Amino acid sequence: MVSIATICSHSALQIFHGARQEGFGTIGVAKKSVKKTYGSFPLAAPDEYVIVDDYYRLLHPSVQRGLIKKNAVLIPHGSFVEYIGSENILSKLKVPLFGNRKSLKWESSRSKQEEWLKKSKVRFPKTIDFEDIAGRVFVKFGGAKGGKGFFSVSSRTEFLEECVKRNVDSKTAAIQEFLVGSRYYLHFFHSPMQRRLEFLGADKRIEIIDEAYRGLPKINEDFFDYTVTGNAPVVLRESLLPQAIDMGERVLEASKKLFKPGLIGPFCLETMLTKNGFVCFEISARIVAGTNLYPQGSPYSPYIFEEPMSTGRRIAVELAEAEREGKLEKVLS
Amino acid sequence: MVSIATICSHSALQIFHGARQEGFGTIGVAKKSVKKTYGSFPLAAPDEYVIVDDYYRLLHPSVQRGLIKKNAVLIPHGSFVEYIGSENILSKLKVPLFGNRKSLKWESSRSKQEEWLKKSKVRFPKTIDFEDIAGRVFVKFGGAKGGKGFFSVSSRTEFLEECVKRNVDSKTAAIQEFLVGSRYYLHFFHSPMQRRLEFLGADKRIEIIDEAYRGLPKINEDFFDYTVTGNAPVVLRESLLPQAIDMGERVLEASKKLFKPGLIGPFCLETMLTKNGFVCFEISARIVAGTNLYPQGSPYSPYIFEEPMSTGRRIAVELAEAEREGKLEKVLS
Amino acid sequence: MVSIATICSHSALQIFHGARQEGFGTIGVAKKSVKKTYGSFPLAAPDEYVIVDDYYRLLHPSVQRGLIKKNAVLIPHGSFVEYIGSENILSKLKVPLFGNRKSLKWESSRSKQEEWLKKSKVRFPKTIDFEDIAGRVFVKFGGAKGGKGFFSVSSRTEFLEECVKRNVDSKTAAIQEFLVGSRYYLHFFHSPMQRRLEFLGADKRIEIIDEAYRGLPKINEDFFDYTVTGNAPVVLRESLLPQAIDMGERVLEASKKLFKPGLIGPFCLETMLTKNGFVCFEISARIVAGTNLYPQGSPYSPYIFEEPMSTGRRIAVELAEAEREGKLEKVLS
């Protein structure tokens, strides 16, 4: 039987907890300093640890051999991809991975995401050339993790000033239309075993800017910081579900054409619901941290499963089914 | 045994899920286009569908005869009332309805709501004459669904300008005092079978304006849009519960006088908790979408029920009890 | 066997519900007016009531004798401490109390809290002298309950004007640095029986100021009101958990040195997560109302307990274990 392994961060508690519920052994790749934290959650702590100095060490042949020997399947998550790098996951990581590892490459570049969304016929934020800045725009940087360093400005002058102030190269900026609406982060799961797409829930990311109003009427500029600090639970108007699920299906279908066999397992569409419908500003091609809200299931999962079903557990259920039917190749890469 | 039927929108997943938990057969009145979405949630999908081109078709004699033949009880929800119309529900709909259908008439007119709240001795927002606009006021329109088209202004000039800009007739506007406080949408259930009023939970509606601060310091006017997009869970300070429940009881008692036998089943008080206590700006005389947050029960329902109790399930429990005791007339109209 | 008793407010429903789950008898010290409200929640209502005109009456020898006769253990909560007073709890309350009653003294004074946080090596907001106000500062008053009366200003003149306007003595104000970040209220439980510190969840308090943005672009000053009205659920980025739990441990360790045997049972660290990490602006040395979100467990409790575990139930579990092992003295004071 395979074991479930991942790096101890991001959504690892949920992944291990779900694995344990389905009877899998678990392995945590951890820095020594976080072992104690995971030990504080006995039902979500891994059965055993592979201690590393740096998560990048996971790529070391001896570490990989150890994991392969233990029949480990790695579950990728946001920090996993950040620490190891999608390129290394493709070229240097030999341990079996849950999901299609090519999808991680497609999520990690803005231009690839745009190609994907275009092929999906899903609306995404318009890119704006520097010369065309005529009103409020949103500015992102490729290396920015978790929204850190993003900002919004209303003119070319302001844009350039902000780049100087932040000491960033204005030429590397992605300038996008500023979207007005409600943010919804939509959690999906594509099950090759059940041959279906499941809508498992939604959340809203909490960013430092979310408390900016507490500084009104005089705003501290420090509040204009898009760093993600956590997540809050939400549900959508039910009349929006057809659009939301349709969008998920289109992204899934496009993925099958762009990188066979396409998305496997959990993915997330980060959207802004504007008065003209959803605009998708990001795809995450693996489990997202917003699912940490729902270790016992979301407000949608009881409509699909009798048991409390987290995304972490859903991964384990899929893996167990694939293993039982001798079809692990359908869910691993 | 009766079947539980409703229009596939708003809170239908929750209603069907609850019905199924209590062993009822379920019928979804649906447009062909949404059937697939409901099929994505196998434990909340109706057992059978009545496909219509337009929800208004529910009123057609042949559709009604079909539902009556199947012993259907219709559960009204927000979209149900919007699509069919409270007047038609009273005069043209022959299928038995859960709850008192007269209550839907009382929720659908602002003047009737005010009469009801006045009789309940529950504070509601003061109406302000155009001539008396002297500071910030809130402006609503009768036809506005889900908050769309509402706005707030600070002077008569601004009010008139806004009406011109939006191309709405200023004479049809309801001008109200602008309330300062925290919004709480309080979910109640009046059980004629148990002869009690239950407090089942609370939520906060998510509106597009709720992310207005993300445009600070320069606000995009587009953000001033009160369209409801979803819901978020909340709990109240426990010391506010006596006031909240008392308000629910007064609204229930007044309903018994205004339209016998008064409210039956779920209703919601949409309130602003100001520093002078609750102000109720709306009554919903049927299940509200905020209860979709709690398919497994809210933070309050475990204090009343041993099992996970959604409002949808609560309806089914009431109906089952009434049927078992041969008292369906107590919960239907 | 002991009974579980508390004042009917704050988190009493949760406490009684948890006590009942673990088989304890329950006693509610209540004003007559709230008895009905608690009766609305049959699974969280106390088995019996001790009716008082004023909660302060709990200190009356006859009331205390009655409780002691019934083998009552009092569970302190926020309103409990507010109504009775931490000094009276130490000197006049003879009924056994769950937890270390000395901790309530340490939470009730700003200077003691600062001493505690300093000893814990946990960052807290810097105190600013009137003369040194040079930018935005946050102003608190000792007697302010639930954030009422707090304000923020940007200059000495503005500070003095605000004090005059509010008719408060500027000399009694605590002037602090204005913090920019996301608020997280972290729920901990120190179990002497299990000899461990548990992280049971997190919430965000809802204050009237939290809807200030709804008044944009013209802000009603009335919105600048920090009165707490309720709570909303949140989760933290998992990579922040080591810092959060470490902070909890340091506060616990410091408490052992400052008031032996230190914190027992639930406590909460009220923090602002800034871009430089957590800043703790308050310690609550007992159950907090934010735990009312989780009567069936939080997004973290399933990682520690197989059963749905609220903080109220956790208290009962600890008390039951101590009683079973004849070690009540380890959890009472």
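Chains: A, B and C, in written order; residue numbering restarts at 1 for each.
The working rule: contacts are C-beta pairs under 8 Å (C-beta built on N, C-alpha and C of every residue); 3 or more make two chains touch, one makes a residue touch a chain.
Quantities reported herein were computed from a predicted structural model and do not represent experimental measurements.
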| item | value |
| --- | --- |
| Cα superposition of chain A on its sequence copy chain C - rotation in ° rounded to nearest 5 | 120 |
| Same vs different contact residues, chain B with chain C, by half of numbers used | different |
| Chain B-chain C separation of Cα centroids, rounded to whole Å | 34 |
| Numbers and ranges of chain A residues touching at least 2 other chains | 210, 213, 216, 223, 232-233, 296 |
| Complex contact set, residues of chain B against chain A | 9-13, 17, 33-34, 36-37, 40-44, 79, 146, 206-208, 210-211, 213-218, 220, 222-223, 225, 227-233, 289, 292-296 |
| Contact footprint of chain B on chain A as seen in their complex | 136, 152, 154, 178, 180-184, 196-199, 202, 204, 209-210, 212-213, 216, 219, 223-224, 232-242, 245, 273-275, 296-297, 299-300, 302-306 |
